[in-house]
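I've put the structures underneath this note.
Common to both upcoming complexes is subunit A, partnered first by subunit B, then by subunit C.
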Partner chain A sequence: MEVLLAIAILSGAALLAYVVGRLSRSRMLTGFIAFVAIAGSGYMVYQIWNVLQDGMPLGWPSAWAQTRLQSYLVANYLGIFLAGTALLLAALVAVYSMRYMHRRDIGKFYALLLLMTSGIVGVGFAGDLFTLYVLFEAMSIASFVLVAFEREEWEPIEAGVKYLVISTVGSLLALLGISIVFSWTGTLDLAALPSLLEAQVGSAQLMAVVALIIVGFGVKAAIVPMHTWLPDAHSAAPSGISAMLSGIVIEAGLITMLRALIALGTVNYGLLLVWLALVTMFVGNLIALRQSDLKRMFAYSSVAQMGYIIMGVGLALGYPTLAGFSGMRGALYHILNHAVMKGGAFLCAGAFLWILGTRDIRKLSGIGRKFPLMGICFLIFVLALAGAPPFNGWFSKVLIAKAGADVGGWGIFMVVMLVLNSVISLFYYLDALNTVVFGPIPEDRPRTLKPLPFLVVLPIVALAALSLLLGVLPDAGLVLVDPAAEYVASLIGGGVDVLVAAGVH
Partner chain B sequence: MKAYSVLVGLVTAILTVALIGAAGDQPLTAVYWIPGIDATFGLQLTGIGMFVAAVAGCIGFLAVVYSLKYMEDLEREYTPTRYYFLTILFIGSMIALALADNFLVLYVFWELIGFCSFALIAYEYKRAKARQAGSKAFIVTRFGDIGLLVGIVVLWSAMRNLGADQPFSISGTISAALSGQIPLHLLTIAGAGFMAGAIGKSAQFPLHVWLPDAMEAPTTISALIHAATLVNAGIYLCARTLPMFAVLPWWLPMLAWVGAISATLTAVLALVEKDLKRVLAFSTISQLGYMMAAVGAASVFASQFHLLNHAIFKALLFLCAGSVIHATHTRNMYEMGGLKRFMPITHVTFLIGTMALAGIPLFNGFWSKDAVFEALLGAGQTGPLVLLIITAVLTAIYSWRMYWLTFQAESRTEAHPHESPWQMTLPLSLLGLGTLISWLYVGDYTSKLGNQLPYHEVDLLEVGELWHHTFGSPLIIIGILAVAIFVILGVVWSKRGAPVPAGPQMWADLVTDTKGFFDWFWGFWVVLMRAVASVLSLFQTGDLNYNSLWLAIGFIAVLLMFLGWG
Partner chain C sequence: MTAYAAAGLALVTIGLYATITRTNLLQIIIGLEIMARGISLVFILGGAQSGTMSAAQSVVITLILIEAVTVAIALSLVVAAYHHNKSLSIAALRRLKG
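Here is the complex of A and B:
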């Protein structure tokens, strides 16, 4: 029941937010409703956590209904991890948007934000491929509209259409894969599929299905070359939404893919993912070097960061006994860190956009000096993204690197490539830092700029503080990450007992 | 705020010195830091580490005192709070790095000093050159850190597979490596990686390009970077992990060669450099090369003793240079000259520093440099030894040239130089004294250097023995050579005037500006990277048709890869 409530509170509040927003036109009131709903969902997730800690299974609907409906939700640590991260970021974005958004149809905004969040929370808890797909689409559809939310301008519309078309093609590919599986087995239950599909192991059809799933959900997870929609969408969306898209939506796409892949069993797709990750991080980082638009730069850096995360996932899936746990741990921790640091970076870029009305890095020159608090936060996010201690990005990168070392051999080569990429990324991060914070203030800029509202500053500072906290005391994040990583590792055959015996845990 | 900084600096200096007295105790402290990966936050009082920490604490304190007056000019434009915050963080991180008992803590502080150096080099952020130099220092050192991080995770993984409770512990890893429990191929990767990290941080060939540019920092920061903190970290790391990697047959000779090549290359560059601070920067790389080579000769004593002495005389030279720049408002030595009349204290202390740098007998640099030669001779590393002897001659020439251009001969400056206030001359005098007498400390030094380092070999050496040893050895000829060079050049230059070139020095400037064309070498790769980026961004058309095409290509590629694996 709690699992359903965690999702339903958000969906229900979406309706309420729309009505209230329509009637009152108050940003504060609507935003407050959204915030309360997110907090309520967070409380439910906490309850799920408590039940799981007691070792009790939890799902919805009841076992009796499950066998007939074939569509159900089940509590698990991966879902808790995803929901926790998403709700944290969504709550801050809800607060941020209370003052940042200045449109009259604010009800729609919060309704869509809540719907998107409910989809993200849902994909972690889905018990079968059907539910997984439906919730994934709920997230996607809400995000299409949010990208094109400022519909008077051309850029968001163009970005939204591209995103819609590419994403839909991806979803259809994934749906095709799911249908094939259903035609074989007559069930979509994630838990039952691996044993039913064992007969298919190594068959060409199963490979085709895996390819459909990887490409289909890989569109959302921004794996190169399926990433082409991302830079437009992430830079054109309202900044709060950019933070959500980069911080958690693409990661939710990856987790959707991961859950589907685990159910498909033992084709060795881990190696494939590692190679795709390598391409993804190089392409993301290199193209980011060329960007003059701050939000576009962060968008490409998200592609690169997804490369790091997918590398961890790929190592875990490819070598479950060697790196099953350590790879997942690194990847999941990086998802958490990325939500904090990239979410913060986009909110920061949004604050600068709010002040000066531009995203051009050169035109933003010196703005971080004019607003020192924002400047410090920007510095923190940028250094965290570059993986410099004591800000949070470093620890998860070290964990992913550890997974490569656990694999050994060419895994170590992959680690070298990963760390090399984080040096390449330093080029554009430091360029941006040197311009946006330390650059000269242009002559033609007005002397007095409008002050930033408190509610815009607060979420940014909160994320910066969190970035520092997770960097100095990384154990705080492991509390959330480790159970999820153990859960995945046990599913892919690197069970916890195996890992303890191997001394990896 | 300034009083607070000085107080913190003083307490730190006293505490780090007190630590040396506390030698012989058990690990200081270890608290749980990241229980999830069995990482503790542990500090350990090893012999090598505590001296590096004491150097950072004491010289850092003197630099802070010196800053009080020196940084006044800049305070109108830049907030001093940022300066003192970063300086104290810098010193503190270096001390923590030196006392870390495990690799993870070491890595964190290693990166933190990288960040501090970036922020401090770019302290005068309104100058584009300073910003670029800061970024360059950060990027180049982090390029070396690729190796360090890879090495650390490889060792971590290996230790975890052994079932160690403390997978990051430095001494634990060393003992596992010595007992052959860590597979040799992993040790090879870690050894290469650690060496890369040390080469980056200690500005050795071929990653030496960032250090001369880092002269854009305020001079106090240069003194900190060169003497007290940043560059020592690489030497410290190599010396600390020496027993572990000495197992690898190529590791020690490679280190010796890297050090020797760096030393020679930069000594040549220092011969023709006109910027006072950049001469000192090149000399730092050169002297760090000696320390590297000494580690390569498996001599902890020679490398660390030279590190200590170098820290003292290089801090002295930098602070003197700061005093000179403060007075003349230029860094070009061709526009100085004749300063000995105006700045007597700076003059005398600078002369002492110069002699120590050149290895004139009885100054502290002489003793440790000789120890380096002895170590290389003893280890049979003839190639690096020959290079370093040539470097010693070059060092004597460029340091004498530097001194002569600045203080001797007629004045070529248009400013009205005057002696600096006591906040600046006091640190100079203390460091000058240290340069004269620090070698007398060798007995106590060697007895404490091996502390908590069961796998390092450090022989006890009393002052008398040092004296006997040094003057009884044929290598004393190098010291005599240095004196001879001083006398000959002194006579020549006092007759013909200071060696100021008549015309523009296009070639000399080109070679020194590019650090022996290595800027071009690395610049090529950066240009290549950006070119690849340009080509890649051509494929990101933003056109929906092409975007869809990529999706199709992606699907086909994934299918093909599956078929390829079968």
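Here is the complex of A and C:
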């Protein structure tokens, strides 16, 4: 029931936010409603955490509801991890957008933001493949509209059409895979599927479905070559939405893919994912090198960061041992870190866009010195993205690299490639940093610039502080990450026993 | 049964082919719809095969709903694109580069 409430609060508040936004046209009031709903959903997620910690069953209002609902939504630590990360970022984006969005149809904006968040919260808790698909689509559909929100411009329209068509083809292919599984087994229950499929279906047939799922949900997870929609969509969306898309939506796509893949059982596709990850990080980093648009550069950098995350996931799935398992911890931790640092980076880019009305890195030259607080935050986010201690991002990368080194063989090669990619990424991160913060201030820039509203600064500073905290005290994030990684390990078999034996638990 | 499965997969293939090869935005959206119908057919087939028709029905009805919403949004974007460009061709969607 708590799980259902965590999702229902958000989608219910979406209706309320729309009506209030429509009637009052007040950005503050609508944003406040969204913030309260997100906080309420967060409280429910905290309740789920408590219930799981105590080992008690979830509360249901009646036996009737329990028998009908309990297989659709299942409380688990992976869901708590995803929901916690999503709600944290969504709350800050809701605050940020109170002043940043300057449009009359603000109710629509917050309604869609809440709907998208409810989808993300849901995919972690979904108990069967079709529920997973429905919540995934709820997230996607809301994000299509949000990308194309400023529809008097051309750029959001083009990005929105591309995003919608590519993403819908992808999710339909994944759904085709799900429908084939259903025609084999007659059930879609994530928990029941692995044993049923193992008993009834050959591994070659299963591999075909695995391919459909990887291609289908891989579109949302920005696996190269299915990434082409991402740079357009992430740079054209309003900045708060860019932060949500890069920070959590593509990661939610990956977790959807992961949950569907695990349900398909024992076919070994881990190494396939590792190779896809390698291509993804190279393509993302190399194309990011030649971007002159700040948000577009961050968008390509998201592709590269997804490469790191998928590499961790692939290592854990390919080598289900303690060594490979460090990859899953690293990947999940990197999802949390990426939400903080890339979310912050996009909000920062949005603040610069608010001040100067441009996203061109050269034209932003020196803006970080004019607004020192923004400059410091930008520095923190960019260095965190580059993986420099003491900011977050380094610890999760080290965990992924450690997994590669420990499994040996191709894993060593992957670590070398990971390090090489980190070095490539330094070029564009440091170039952007050098220009935006330390560059010369152009002659033609007006002396007095628009001041930044407090509510735009606040979420950025909060994320920068969090980035520093997670970098200095990496163990703080592990509180959320470890149970989620253990849950995944318990699904891919044998993982938990290995962990307990090694004393990691 | 195999005939139905073949029909479903054929519909998906036709729809996918249409979305990839067509250059008119409306035809691409029609291609998406054809894919979704093919998948519905596979779900119904699965329900008939394993005796879980009620589950298959609820899945297909939900799927129709999701498709309707997606197509509504797609069409509204196409209308907006048409207002900007006076064209429905995807050749107009080439301005974003890099």
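The working rule: the second predicted complex is superposed on the first by the 476 of 505 C-alpha atoms of A that agree within 3 Å, B and C clash if a C-alpha of one lies under 4 Å from a C-alpha of the other, contacts with A are read in each partner's own complex, and residues count from 1 in each chain.
Quick note on the criterion: a residue touches a chain if its C-beta (ideal position, glycine included) is under 8 Å from a C-beta of that chain, and two chains touch if they have at least 3 such contacts.
As the structure is a prediction and not an experimental result, all values here were calculated from the model.
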First, second, both or neither for A:262, with subunit B first and subunit C second: neither
Of the two partner chains, subunit B (first) and subunit C (second), which one does A:215 touch, if any: first, second, both, or neither? first
Subunit B versus subunit C as contact partner of A:424, first or second or both or neither: first
Once the shared chain is lined up, is A:161 touching subunit B (first), subunit C (second), both, or neither of them? both
Touching partner for A:1 - first (subunit B), second (subunit C), both, neither: neither
Answer with first, second, both or neither: which of subunit B and subunit C does A:172 touch in the superposed model? second
Thinking of the overlay built on chain A, is A:207 touched by subunit B (first), by subunit C (second), by both, or by neither? first
For A:469, is the partner it touches subunit B (first), subunit C (second), both, or none of the two (neither)? neither
In the overlaid three-chain picture, which partner chain does A:226 touch, first (subunit B) or second (subunit C), both, or neither? first
Which chain, subunit B or subunit C, is in touch with more residues of subunit A? B
Set intersection of subunit A contacts, subunit C complex versus subunit B complex: 161-162, 165, 169, 173, 231-232, 287, 290
In their shared complex, subunit A is touched by residues of subunit C numbered 5, 8, 12, 15-16, 19, 25, 28-29, 32, 35-36, 38-39, 42-43, 45-47, 49-52, 55-56, 59, 62-63, 66, 69-70, 73-74, 77-78, 80-81, 84, 93, 95-96, 98
Any idea which subunit B residues touch subunit A in the complex? 33-37, 104, 107-109, 111-112, 114-115, 118, 122, 125-126, 131-132, 134-135, 138-139, 142-143, 145-146, 149-150, 152-154, 156-158, 160-163, 186, 189, 526, 529-530, 532-534, 536-537, 540, 542, 544, 546-548, 550-551, 553-555, 557-559, 561-563, 565
Touch list for subunit A against partner subunit C, complex: 130, 134, 137, 141, 144-145, 148, 151, 154-155, 157-162, 164-165, 168-169, 172-173, 175-176, 179-180, 182-188, 231-232, 236, 287, 290-293, 296
In the complex of these two chains, what residues of subunit A are touching subunit B? 161-162, 165-166, 169-170, 173, 207-208, 210-212, 214-215, 218-219, 223-226, 228-229, 231-232, 267-269, 271-272, 275-276, 283, 286-287, 289-290, 383, 388-390, 394-395, 398-399, 401-402, 404-406, 408, 412, 415-416, 419-420, 422-424, 426-427, 430-431, 434, 438, 440, 473-475, 478, 482, 502-504
